[in-house]
Amino acid sequence: MQKWRYALASALALALAGPVGSPATAATPKDTLVMAWNLDALITFDPAQIAEINGNDIIRNVCDPLVEYKLDDVSKIVPKTAESWSVSEDGLKLTFKLRPNLQFPSGKKATAHDLAWSMHRVLHLGFGASANLTQWGFSKDKAEQQIVATDDHTLVAHLDKPYPLQLILSAAFANQVTQLLDKEEGMKNAKVADGKSDHGNAFFKTAPICVGPYKVRTWNANDVVILERNDNYYGYDAYAGGKPALRRIVYRHVPESGAQRLQIEKGDIDVARLLNSDDLKALSSNKDVHIEQTLMHGFTYLVFNAADPILSNPKVRLAFRYLIDYEGLGKTVIQYLGAPRNSLVPIGAYAALNEKEGLPFKLDLDKAKQILAEAGYPQGFSKKYILSANTPNPPIAQHIAANAAKIGVKLELEQMADAHLFQRARNREFDVLQIGWGAGYPDADSMISRHAVNPDNRAEAKLAQYPSWRSSWQDQKVNQWAEAAKMERDPAKRIAMYADIQRYMLENGPMAYIYQTVRSIAIRKDVVKDFQIGPFWVAYGTAKK
Amino acid sequence: MSANAAAAGPHRRRLHRWLTAEVTTSPQQASLQRLYFGWLRFRRNPLAMIGLSILLALIVIALLAPWLAHYGSNDQDLYARLKPPSAAHWLGTDELGRDIYSRLIWGSRITLYIACLVAIIAAPVGLIVGTTSGYLGGWTDTVLMRVTDIFLSFPGLVLALAFVAALGPGIENAVIAIALTAWPPIARLARAETLTIRSSDYIAAIRIQGASPLRIIVKHVMPMCVPSVIVRITLNMAGIILTAAGLGFLGLGAQPPSPEWGAMLSTGRQYLIGAWWLAAMPGLAILLTSLAFNLFGDGLRDVLDPRTE
Amino acid sequence: MTAAAEGRSPQPRRLPPWVRAGWRVGSSIVVTLLGLLGLTFFIGRMLPIDPVIAIVGEQAEQSTYDMVYKQLGLDRPLYVQFGYFIRDMMSGNFGQALFTGNRVIDDLRRVFPATIELATFAICIGVFVGVPVGMLAAVYRGRAIDHVARMVGLIGYSSPTFWLGLMGLVIFYAALGWVGGPGRLDVYFIDVVDLVTGSVLIDSAIAGEWDVFRNAFSHIVLPGSILGFASMAYISRMTRSFMLEQLGQEYVIAARVKGLSKWRVIWRHAFRNILVQLITVIALAYAFLLEGAVLTETVFAWPGFGRYLTAGLLAGDMNAVLACTLIIGLIFVGLNLLSDLLYRLLDPRTR
């Protein structure tokens, strides 16, 4: 007994001492960038199917789209596989000139015909990503007429409406749906079942053959992804060319923040991409590690089900906005992970409200209580509150629930896996929902067209891709407003219209936005240079060691 | 022993004499004597006594939680989060600045709640299935035992995981899932006991008197099986607590902000390197409790199983 | 009543006994298998997680959703789905794992060797520590070593393995740096050795890649020991009680009286007699290791079966979860059967 107690005491003493320098720091290979990430959600590398942020991040280094946002200023569009583009006078015909020197990793030439086929298959397959085309009037039935390769280097797109050029380029043509796949391989490996072709989906899922700086060499689900340099790449820099310096990019599945922290401290990895707030804070004082923070175009927010008699009251929803200690959370639980923000358009997007105007609310229990009393619920009420089990969601929800309890609102929490949470959200099966969302493109329209606009609120409409529909909330005034703003070709007017919508939504909307996502990446200073991080993805083409 | 008895007052001495009398005068005295001798034997096993005292302490802690805890289970302080153990917070604070010591105290109620509820569900189910199967025999036996075997053919945790995944997370569902995995061994045991009881003269005599099978099972077979079922469930209790903690650890058990130990441990896992106490403390509590059940059960088995004498 | 009691007696007398025994065992296996299938199917249907969303993505439109829903056959009546399910399972077709994009059977083939390696490492520790400790505890019953062994064993039983794993990582990896971290290999050793046997340890030793071997060993030693701890507790306890039984037998006393040395009697006679029982215990311990692996692998990011199961569970991947549950059930039944058969074959008393 005595001995056992002694052993336990010394074990605890050792644990108390915390991490000390490790013997023999292992260095990663010189030509390989090793990253730790969570690869849980990764299920496909087919650009027509990718629907989550990590897959998108990786595929951006494997497959180039027609055009791209500049990484450091997403309001600028730069050429990728297209070297130039033009729009007809009526605004209905877009013509892209492709680079003459596009090659697949095998050295085979890539043409506009490959690209047209790649875009057609996005529409035919109809996965979530196809919305990036269907939203702009492209459709499965007319795909072959709407997107045409007129010769090996020219792609023509026929639009249904004269959208502002900036908007349509950033929303549709900078998207993964214009990534160029090998038509010949895709057709050859297509599987046909019940008379329907999968357009090479099963084949490209694990090994997309694309024009891009890297190719997928190995993918073991939930374990490792290895990218290898495409030696036939035309150049990572849209203007100056240039070949990637690093031969291999390795992503390791390390779902634990603590493990990632240890590995980067020891130099087992070069880059840690999934660290929680406290591990980042600890790493910030490590002289070997640099933490790069980037505001992403995503949010964590609460959704109130407007079909619920209590939550349909805008005042009740307004009261909730005063239950959150934005400043306190920002300094503690979500430090490095989020920047408090209430407006639905993210900072960095076209026409976003500025930082101050986008964060009008603060923790104010008295005010919340007063608003609730005005709404007719001075005694409070009870509601169920569902959320993702992933960090940092649980502490945020517990914080809100504890504050709500102080004004008599009882929130019963239920944590669940993301897959389950998404399903509950899509089926409108919730009272209060805490969830995240990533905007597709850096324009106010991206958020407003999904979060404020609700084209059809009927249950049978099943517009589950619209968070507004999920919340059973509809406001015809907002619908018309947003449509007018979208088509407005005068930039100044467009910005003003979006500002009005944002202000209206702050007070009346069915969502309470808590924070805009920040991506914090820890990088070994001594080994990694010129790592390019944008709000939507990270590019490794320029990275050196 | 005798010194002890002598030191005690005359009442205790008389009680001791009555309990150790060589000739018993009533059945009650006989069964109490059996218990008393068992207790005396149990008391000689120091490890078992340690187990028992930990369990008693746990029950006391759960009952007196409002007085023992320094804070409520959900009192938050964002600016005092992840603080190491200190005089103000004996076991430190967690990611929302809640006092871990207080949460462990409140959490003892949940642990006991889970353990008791599982026992209350699983023991009767196992008892009914086992005794029915054993007494009736034939097809009933074949079918029931086949079902039992199917449940037994999954490891407990995997089956509980699958059930909880199906039922949805939450403490009640976790209890149901664990109970679903806990009854088969009890049914097996009850069946084996029933098979020996069934062939006894005593049951034959009752059967000849014309008692219905239902009456025999409920009135005569089940009571005979109860003691061994109780021992068995006590022995399983450690496993039940570990499974519950495992479910909590995977986020499928009790939901936040509930101070369930497994769930606390699961949260602590994210802060492992910087704030080890978040995971270490609830883990120790789980270890201590399941160890206590194992020690207690072990002692109990020694007392009741004559072969180990 | 009496009829029921004798319900099992009417059996065709003409058949030779081994046919009857075979029939009994065979039919019970078939029924158990069907039960396993039924139970897993039932669980699968109850899973509240939607497999369709995992495929189409959270932002997909309803028409896309409905299309995939049909493709997965989820619109058919339940009994039809069960029929397909049995047919598929029988032919080893567990469908596509949605969260990996591969066929489940291919995934399982990939992840299983990692688990087998871990479990085998653990069982070696369990056997090579557990058996001697159990023997010593029996021989020196009631002495200090017996108490220590018992206490350590009980702690092994009582510890949440996932907690031991976490604490082990904090102490031996983070603080002391004695062992490798999560995962099976450090990243730059991945892909160095082609997996032939599926065990990195064996393959790297065969290939003479000692750096890889050392690295693999540093990664397996902690999860392997922690898993092994629990099975050691079980094995030493059983060894002790088997041994005590033997030591009380007359032949042991007789042999001692004849002047044979104590340890000679123990090893040559008593140990041999408990060998059969021990093997069955080890087979069962091995089966339980697979259960322990679920949480241990999750903690250590060990790319094996257990982590595949929990990842599938969290990703809402019905196919993967069902296949894993079913396979673990099959292995359990198989190992139980095996230990039963071994017992019957090797133990003369049961003939």
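So that you can tell them apart, the chains are marked A, B and C in the order they are listed, and the count of residues begins at 1 in each.
We take it that contacts are C-beta pairs under 8 Å (C-beta built on N, C-alpha and C of every residue); 3 or more make two chains touch, one makes a residue touch a chain.
Being a predicted model, the structure only gives us computed values, none of them experimental.
A.B. asks: Please identify the chain lying most centrally, where each chain is represented by the average of its Cα atoms.
C.D. replies: When every chain is reduced to its C-alpha mean, the one closest to the whole-protein mean is C.
A.B. asks: Does A-B or B-C have more contacting C-beta pairs?
C.D. replies: Most C-beta pairs in contact, of the two: B-C.
A.B. asks: Counting in whole Å, what is the centre-to-centre distance of chain A and chain C, each centre being its mean C-alpha position?
C.D. replies: Roughly 39 Å separates the two chain centres.
A.B. asks: Where the CA atoms of chain A average out and where those of chain B average out, how many Å apart are those spots?
C.D. replies: Computed value for the inter-centroid distance: 47 Å.
A.B. asks: Using mean CA coordinates as chain centres, what's the gap between chain B and chain C in Å?
C.D. replies: The answer is 25 Å.
A.B. asks: Which positions in chain B touch two or more other chains at once?
C.D. replies: 168, 269, 272-273, 276, 280
A.B. asks: At least two other chains touched by the same residue of chain C: list those residues.
C.D. replies: Chain C, residues with two or more chain partners: 48-49, 151, 155, 167, 169-170, 174, 313.
A.B. asks: Residues of chain A that contact two or more other chains, please.
C.D. replies: 15, 18-19, 256, 258, 262, 417
A.B. asks: If you look only at chain B, which of its residues touch chain A in the complex?
C.D. replies: Listed in rising order, the residues are 74, 76, 78-79, 81-82, 95-96, 168-170, 251, 255-257, 267, 269-276, 280.
A.B. asks: Touching residues of chain A toward chain C in the complex: what are they?
C.D. replies: 1, 4, 11, 14-15, 17-20, 22-23, 26, 28-29, 32, 34, 40-41, 43-44, 49-52, 126-131, 134, 205-206, 218, 220-224, 226, 250, 252-256, 258-259, 262-263, 266, 268-269, 417-420, 422-423, 425-426, 462-465
A.B. asks: What part of chain A is in contact with chain B in the complex they form?
C.D. replies: Touching chain B: residues 12, 15-16, 18-19, 256-258, 261-262, 276, 278-279, 282, 325, 328-329, 331-333, 389, 391, 394-395, 397-399, 401-402, 405, 413-417 of chain A.
A.B. asks: Which residues, counting only chain C, touch chain A once they are in their complex?
C.D. replies: Touch list, chain C to chain A: 48-50, 53-65, 67, 97-102, 107, 110, 151, 155, 167, 169-171, 173-177, 181-183, 186-188, 190-191, 301, 303, 307-308, 311, 313-316.
A.B. asks: Mind pulling up the chain B residues that touch chain C in the complex?
C.D. replies: Chain B residues touching chain C: 47, 136-141, 146-147, 149-151, 153-159, 161-163, 165-168, 198, 207, 213, 238, 242, 245-246, 249-250, 262, 265, 269, 272-273, 276, 279-280, 283, 286-287, 290-291, 293-295, 298.
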